[in-house]
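Multiple structures are listed underneath, in structure tokens.
Below, subunit A partners subunit B and then partners subunit C, in two separate complexes.
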Partner chain A sequence: MALTVAVHKLTSCSGCQLAFLNQGPALLSLMEKVTFVHFIEAGLYDPNTPVDLALVEGSVTTKDDLERLKQVRAHCRYLVTMGACATSGGVQALRNMANVDVWKRAVYARPDFIDTLADSTPVAEHVKVDFELWGCPVTQAQLDQLILQLSRGVLPKDDAEKVCMACKRAQQVCVMVTRQEPCMGPVVRTGCGALCPSFGRGCYGCFGPSEQPNGDSLANRFAGLGLQPEEIVQRFAGIHSHTPSHQAQIKRWQQLIVKEIE
Partner chain B sequence: MSEGRKINLKVPFITRVEGEGALALSAKGDRIDTLHLKIFEPPRLFERFLQGKSYVEVPDLSARICGICPMAYQLTSILAFERLFEVELPAHLVRLRKLMNLGEWLQSHSLHIHFLAMPDVFGVDSALQLADSHGDLLKRGMQIQEAGNTLMRLLGGRSVHPVGLQVGGFSRLPTQNAWDNACVQVDAAIIAADQLLQWCAEQSVPDFSHDFVAVSLQGLEDYPINGGDIITSSGLSMPVDEYPQRFKEHQVSHSTAFYSLLDGKDYLVGPLARINLNYHRLPASVRQRAEQLGLHFPSQNMFDSLRARALECVWALNAARDILKEGCPEGPANVDYQVRAGTCCFATEAPRGLIYHHYTLEDDGTVANCTIIPPTSQNQARIEQDLKQAVMAFGLDKSDLELKHFCEQVIRNYDPCISCSTHFLDFRIKRDN
Partner chain C sequence: MPSRPGYSSTVAMDKVYLPRGSLGELYQALVDEGYEVIGPQEQQDAIVFAPLSGIEQLPWGRQEFTAPGQYRLDNASEQRAFHWNTGPQSFKPWLFKPQQVMWLGQETDDGIVFKAPVSDAKPRAFIGVRSCDIAALYLQDQHFMHGPHPDPWYSEQRRQLCIVAVNCSRAADTCFCVSTGDGPEATYGYDLLLDELDDGYLVQAKGERGNRILATLPTQGATPLQQRHAEEQLARAARQSRQMPDADTLKSLVEHLSDEQWLRIAERCLACGNCTSVCPTCFCSKQEAEQDLVSGEHQQVRVWDSCFSEQHGHIAGKNIRGEVSQRYRQWVLHKLATWQDQYQRSGCVGCGRCISWCPAAIDLVEEVNLMLGSRHD
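And then the complex of A and B:
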């Protein structure tokens, strides 16, 4: 029996869904393994038929997102988050560090027309999540692996090892050691195959925190490279600012900024 | 039609791909009272959280506005900063930027044509349902899409949120192997795109021509993509710096996207606007092929926008081949520059039309404020105008279902993000007879 799949979108950029539609001819062979039931970007609208797998893209930023998410949970066997937005609140969670009303007023002349919750939050803060796919965007390989495993009736094993490991295996030259680039690789989970270092630039953390991230040491190293506390805060306040380990560094270095001012 | 019949269509949920929207149409007899396309894109407040960030981080963050055209956001911000820092790129880097841009157009256009628009032609809900009956058409589309993706990967590592671009050039130059592979992919896709154009030309297209103003960039010689002045079909021509004086944004209660107006009027951006204003800039061979197939531009019929996209695919692949033929470039991947404070702006052509960025930077390159105007908010007022006229021409006496499908197609002509969501207009119709 083909796995039935629903693809849902909350607040996001649609980039993760594109991992499906963008895969070219492989999509045709994928369709032998799965039956899409609900997938708006592909033209299928049927949100409430029960499915084996609901993939959720996007974070919760409106009341409507939340309502819809509860419906999704009620109509699926496995709920899997797809990408940074759904898994950690995404780039739009940067607003959690600020006063949203002030922000809304800065962007919109009539903030009263805009309905939004104060925070951008991950799916798992609201409903039970069976598995998380990190990445901004997720990769084809992550999705393939998930679907392969689920069609055998098991969830995949989480792989949270560091970008550094993939970088070493690819025999790339470390950009932090050789070029003093403030690379997030030591605290970020792999999945991209160390893409940024392969382009000679530091990782900016789009796959989110790795297993046992040693943020203290890395941030200290950044300071050793000459980064100011404000710049260190900005390194962690990126795509996954709402995760606890990144928050810890953001708070730690923000306190330093405050002390300096005092 | 019976006198005084009232229509009250409420489409509360156009779903949310790239912009959550709804449609409300109420009519009495043969007069439309209101017709609103409501866009509820949940606000993500990008312009605000870019404040305080270094200009270096802007491209990677602003890319996340849209997963379908991330490069347009990256490149427009980078070009704005390079203008401020007075960076002169060597010719090979300028060519590579264009090559990557072409890749994004190809990827986005083929997604629209095959996944969003083609189901209309066959009267099905989803392209996925065409896999058995029209697998060859889909495969052909995927080949064009894959050529686009290959170009994005060649220069950016991945096609969604690529990582290769930076102020001053690229973080690395492509390898010879990857370059050769791109040549093969592009050559194969050129044949596919020509067949696609022919297919588009063979499909019958309803004629809903009407007056509208088209807006696009215009370069010195070439078909516009990532630079040039702004021109309009009403005869205006202005440097990008004058954009804020002529184009004004305002908010309406039924949308979280801004409405942009040119001198108080709606206008069109995107493939058809570009073709209408720059047809003569297409290479003679591309124009000849179009004419041979019986295609005529300029066109005031929005239903020709599918053909415009296909023609742009043909152009983009030929332009990509010309760049690829010059060989894998050698030399520096990027150039040095001096950061300085100031304000800067730039506009490029995203797949779906003109995109405008404006920044003020502090001494160390920190963003003090910014404005980003994407194509969709510029087209929003135009879509509503079009809907009003087109629905009248189509006939308010048509059945609910016919009206719904028609409105979906009209909206889909403009923008692949909104167009796909309008597959699901959940029409609730109240008729008082």
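And then the complex of A and C:
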């Protein structure tokens, strides 16, 4: 029996949905395991038919997002968040630290047309989530593993291992030690196989906080490497600013400096 | 396991001299013996071991400067190939691989068919390894080969190693091999041993293979002056600022289970596993099942794990080391104290890698000395 799958999108860039569509020939093999019921990016519109698995991309930033999310939850057996936005609020959660009305007036010619919530929030703050796929964007491997496991009736296993473990297994040399790069690797989870360190750069933390992140120590080390408090805040505020462990460092090293427009 | 209670220079009289211009002939002799030559070279801002296509690839005139949390390569005052001490690797990634496929399976109409992984073990000669690396190799041999269940992948490569070691001519700031009894002079475990001088090498062979290779090289008798220079450099390399307490003192670490210092270390420890990954003796692993969605082929893979990772302490539904302080304690107590009961010596060979490659700049030697109340530095 193929799993029936619905792919829903809230507020997001659609990049995670492309992890499905960019598989090329592997997509054909995947389709032997799943039957897509609703997937607008792939041309299927049927949001309310009950499915085994609902994959939700995007964060909740409008009243409409929230209403649709409740419908998604009501029509699926398993709800799995797909990517940084759905799982932690995403890049757009940076606005949670700013004044939305001020920004709305600065950006839009007719701000009165904009109907938005004050915050960008993860799916799990509103409905029950059965499993989370972290990543900005998620990888094909994550999606394949999820579907393989669910189609065999096995609940997926979460892997919150730190980037450093994948980095050292790949025999990458530590860029924080050799180049004093402010690398997020020690406090964020892997998923990319330590992509940025393999190009000599510090990790940006696309896959969100890891198991037991020691943000205090890493941020102290960043300060020791010469980063100013504002730069430390920016490291933790990048992609997963709404997560509690990153929030703790953002608050600790000062509120993110946002140029408010009066 | 040879024991080395303390450092005393023993540059042997049976060493011969190989001019620098003939180092390439040593390389060629190893190739002629059928070895893939693995040697030090500068990659990713560090000295790493990788297949060597010629001696010009060696890190000529380069040395490392290390400190807790720091490793920086710079020009050395001398144009030598082995003026550095360590890089992040040792033999470990070549023998106990970061990822090792253990078996593969394919679902067929007749059930699951199992296959053995393709081995890439081959005769390999390592140039430029140090006494600490050899000490670590012998420790890993004990774990992977001499126990009740020898590891086939480790053993297959280990049996095909040829080792051209180099005596250290200087010590990095993080070196403390003298205090663990593992350096700076290599006394066992090699086929050939070099002392690098300004214009060439003193060479010493051990065993039939080493002597066979040595006999093909255009060596000359070593002069007393050359031998004195080699002794002087060894003495220089033995002047190290860090000292690990002796083995018996380390055993008393088990009396420090509730020491508050573990909590203070955990405030800084990132539990990232960098120390255990670069440690040449750490051997923990976990297994994962991987499956290819398209081919249906699946494989069981053994990957490096660390006692610092959360999952490592998760046994029978409960995490027995939930706190980072407990994991650091586990690592130190096992490595330095209970390892002695398991393998008849401490698991630390004094290479200092865990100190320089710790992103949080935690200094193992300093912490242990603080805990044991002994004088450090």
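One rule holds in what follows: the second predicted complex is superposed on the first by the 254 of 262 C-alpha atoms of A that agree within 3 Å, B and C clash if a C-alpha of one lies under 4 Å from a C-alpha of the other, contacts with A are read in each partner's own complex, and residues count from 1 in each chain.
Please note the rule applied: a contact is a pair of C-beta atoms (placed from the backbone, for glycine too) under 8 Å apart; a residue touches a chain by one contact, two chains touch by 3 or more.
Being a predicted model, the structure only gives us computed values, none of them experimental.
Contacts of A:P229 after superposition: neither subunit B nor subunit C is touched. The larger set of touched subunit A residues comes from B, when the choice is between subunit B and subunit C. Contact with neither subunit B nor subunit C is seen for A:G89 once the two complexes are overlaid on the shared chain. By the touch criterion defined above, A:K9 reaches subunit B but does not reach subunit C.
Contacts of A:V177 after superposition: subunit C is touched, whereas subunit B is not reached. By the touch criterion defined above, A:R221 reaches subunit C but does not reach subunit B. In the superposed model, A:M165 lies in contact with subunit C only, and not with subunit B.
By the touch criterion stated above, A:P25 is placed in contact with subunit B and with subunit C alike.
By the touch criterion defined above, A:C206 lies against subunit B but remains apart from subunit C after alignment on the C-alpha atoms of chain A. In the superposition on chain A, the residues of subunit A contacted by subunit B and by subunit C overlap at 25, 200. Those residues of subunit A whose C-beta lies close enough to touch subunit C in the complex are 25-26, 29-30, 33, 144, 147-148, 160-162, 164-165, 168-180, 183, 185-187, 200, 211-212, 214, 216-218, 220-221, 224.
The part of subunit C that touches subunit A in the complex is made up of residues 43-46, 48, 69-72, 87-89, 93, 98-99, 267-274, 277-278, 291, 293-294, 303-306, 309-311, 324, 356-361. Interface residues of subunit B, counted against subunit A in their complex, comprise 15-18, 42-49, 51-54, 57, 60-61, 64-68, 70, 107, 111, 115-116, 119, 124-128, 131, 135, 138-139, 142-143, 145-146, 149, 157-161, 163-164, 166, 171-172, 250-253, 255-256, 333, 417, 420-421, 423-424.
By the touch criterion stated above, subunit A contacts subunit B in their complex at residues 9-19, 21-22, 24-25, 27-28, 31, 36, 39-45, 61-62, 65, 90-92, 94-95, 98, 100, 103-104, 106-110, 113-114, 116, 120, 136-137, 139, 192, 195-196, 198-201, 204, 206, 231, 234, 238-239.
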